[in-house]
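Pasting the structures in now, so scroll down.
Look at the two complexes coming up: subunit A is in both, with subunit B in one and subunit C in the other.
Right, the complex of A and B next:
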């Protein structure tokens, strides 16, 4: 196979690395992923992975200077932005990559849903992906507080207040998130710990499982459902080599994203408002864009319903492969699911824009 | 003449002795009564000294505005009546028959009773009988409202002031509540009090007109008519009424003018309780317009630093010809001061008597020239050919150049912030510049060019330092965008190379 042959050349049986690691067969196996020719992933998942890589690198660099206490956090961020060589670039890249990562995780989810790539045998891949979505949103929520400026502080007050509205467990959840009744240094400590230790480990673990499953199951064919039994002998579906063809496509997509990141970081660098002041409430506190839909929903329907709706919605989303009994994958043969999903997406976009302009 | 110690002689001697002793006693008694000041019943219970007539204010240069003659040196203040004794009534032991009946007798009385209950008096246990007399133990009209039981009803306007004063001027009675006790004495010194005393004018304000009668609330209560935010509207209730003010010849546009002034906007629109209301300048219980002798002190109550600066100026030494606060800033129509106040767009007309009294050849200040805000300029008095005008020109240039430097720095910082740069360090420097600029602007009151120039130069230097920081950030932003183009070109080259490779591989795959 072309992929295996290429791999053999790179780490061939006689090469220096192969002789000392025996990694050839492992690489050959890893680089063999079943990709139907008709697969159209738009590389969203790979881009999300790339952006996570960016976050790990830039986040590590930022952690060298960041001081996670209310007294020092703001100044340390200011120092990184103003005085550290390329500190502004690292911080801005981290800021924009976070936003783009959430966007591309959402786009990846939509792509998988509309192509029905969550159906047999990829139900578990979908469930793990749901976990990845929640972890990504958790990254956004915990990281937002760390600069400790007015926007960060008050958005966290509002966000944790919303969490406190969950029936039954709301008060306990609020105390757990804040480390007390109010947003204080205790909140910052646990948010920092969660952001740089708990969530990266969780994401890495879930990502590893997700990638293993993708590797084992291959990519879905958007034109026909996966057969329950695949007799290898009669498998005539045309395939595309993962290495180097598909991987090359991914890398080009990553370069495009990198270019977008560079433009965003240079033209719209990450800002910093005034230092957090618990005694001064800003006039209009709004969460970041990815929570605006929930924020706007809270303004128009009763609080409990508005808090429970997204929770129940995400629960349904994660359990969807087990609820959707239709074996079809073509959109025209699953009109109800596609229409419902379109409606939800349009609703979320409308709520987000409404929350932005209100 | 009479025989030795005859009975008749002894009798005459005794009568004469008694007569002399009686005269002596009478003389002593008569003298003691003349020195005893306790001629009125109230004085014996009051520890307040009878208020002596206050020093008459000097004639105000704005007195011509008022038709009502103010007390002057030749017309002393009428003496205030002594504080009357409070009304007494039978101890009620918590009973309030007045309220019990009046709260149900009809709607109007019920409303009054409810008002009283919510009032400061109601909350403090000051009951109906404490003001109206009568017997609060009974709810029967023939008993409770019997004049023989002390019922006095609603007093007349003059009596009403005394009724309020009978408690509120009593130091011992007010001790528990911590309220001041000088209102009664101050009221009689005010224009309102003097009119009531001397002219028996029942149209002037008394205690209940401002504080209410049954609805008296604490001054600190936002719903009270005398709460600071409500004071201008309260005063305007009479002073903006043309019919009411017609007999006095007093203008009625003060509230309208004040509401547009910096003070009025601050108090009425921005709800800033530090801003002055009518009472802040005119007094409340001792309400009367400030005079030229007092106006600097009145403004200086809040503008303390500015008063100190003014006292250093040549203006403050000029006595009768001295421009004072209101000369340049107006009274009710105080506007935001600025460097526009130095000169007219074109110099006004000047004649000798603009500045000089032709009879006495002394300096004079013709106040009518400053009635319009547009004429409150330095060159209203100071001729363009004069030495002082050159000094004013220097002051104006110094202030204007500092203001321009500040505005320029502010614009540069905004541009840098608009490019996404963090400008907090430049903003901190700009705040320093603002402080120096404010000091320079305030120093105009000293009329000393050297001091103003020094502060202006300091402000300009600091503003330029702030601008330099912001300019550096703009340059950094420009550099980043230029570098971005280079990096994008590198990325595009790599991406294009990989894309070309991908296309070749895809073609090979299709062929294969």
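Right, the complex of A and C next:
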């Protein structure tokens, strides 16, 4: 007999909080679920969520000192780094968590793809995940401009120029992103508002839907497809509790990531180049690592194709659960998909490294 | 007793607290007695609590430290600051200038240049020079200060204006904290 939360709850039973919120059954429904023992998430998705939490905290702290105008931004970033207590730590953690978040979103995507966890009934979860990927890349792009140093400024000029190369809508897109024809204080205001208000709200909303779907549908079993009709016989798949067993594993992974973040922030602090100078393009400007593949592609194939290829690629990626007709989830039964994806991953890595060394 | 399937523990579960397994039992296992289990539990609970506490401390310390505004070099911090030239302040005139981030008033009297903090000691308004009356005057409640000594001539201010040190080099006027 459950104590508290029953319809004929006895007066005075249950804890102080439970009596005044009735939140017990909600927490129970959220926590007391079971997951297949064969599930191997490698905790990538949870780590991406943890890193987003880190960004919200460090980003909010930075926003208390950052001044979003071309005249004051650079100095405010210097001030945070050198004068504010722990400012160096908060700023460098924000920088590294941004990079790690993009990495772990990508790893999470690959894990889900290679385990075919995007197939029925999790197609919508995958599509929402595609949205999360785009928002995360948007965070990287808009946040990058904010220090207003040479690298930030010129990376944004180049990046928005590339957006301007999209056929038909390119020019309007460029104006929309820049808040005008050139990268100016108007661009900074726009990017700041997007980075601090629009994207966090979008990410939080998409994340909530994504997590509700994951909770409702449970973790995918990488060994066999989800049956379309609930079998009459009991599924003999062994399960383990989400709480506390799996959640504890997640928390350990988060501790490890936090340690890595602090070490990276301490040993490789976020840098700052010279203040932005719109009249002087520095030699060898390159985008941040997660855009290097597109940057390198632009150097070797015609511009319009190079711009459309990633866009079409991401479109295909998001629509993939509806394009993939194979119901199998084991790798050996979906050799085409696995081989194709491996080829794409290797190609992107090659382009990225090439872009880095050239 | 210990190997009765009905009372033996399930694999992975701890033995019931009141099941006694004597050392050197035929099974050869070294399962601790009830005191051993309880003290291990207490140790793990203590370790868990300490982990939570130190994690919270580790996270809140940088956040709170970050939120405390750092001491900026607002005022000159001891050195002297160029505030005006002698041409700016002819005899009989006075001028409010910036000393770092704080206002100061420089007055040219018959007894030479004098300077004071321009923050009225009444309620903090910035004072101004009244050349007709020959006094430093506060526009808020008409407090008036002597331009040579800074003492209160009339009005509600409770204390004189703090004096500042004036030094002139050529035609340049420098101020510093007294």
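One rule holds in what follows: the second predicted complex is superposed on the first by the 339 of 358 C-alpha atoms of A that agree within 3 Å, B and C clash if a C-alpha of one lies under 4 Å from a C-alpha of the other, contacts with A are read in each partner's own complex, and residues count from 1 in each chain.
The working rule: a residue touches a chain if its C-beta (ideal position, glycine included) is under 8 Å from a C-beta of that chain, and two chains touch if they have at least 3 such contacts.
Note that the structure is predicted; figures quoted are calculated from it, not measured.
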Touched partner set for A:57, first subunit B, second subunit C, both or neither: second
Partner chain(s) touched by A:343 [first = subunit B, second = subunit C, both, neither]: neither
Contacts of A:197 with subunit B and subunit C, given as first, second, both or neither: neither
Dominant contact partner of subunit A by residue count, subunit C or subunit B: B
First, second, both or neither for A:87, with subunit B first and subunit C second: second
Subunit C-contacting residues of subunit A that also contact subunit B: 89
Subunit B residues within the subunit A interface of the complex: 420-422, 424-425, 480-481, 483-484, 487-488, 491-492, 494-495, 498-499, 501-502, 505-506, 509, 512
Residues on subunit A engaged by subunit C in the complex (per definition of touch): 57, 61, 64, 83-87, 89-90
Subunit A residues touching subunit B - in the complex, by the definition given at the top: 2, 78, 81-82, 88-89, 240-241, 244-245, 248-249, 251-252, 255-256, 258-259, 262-263, 266-269, 271-272, 274
Touch list for subunit C against partner subunit A, complex: 62-63, 65-68, 70, 72
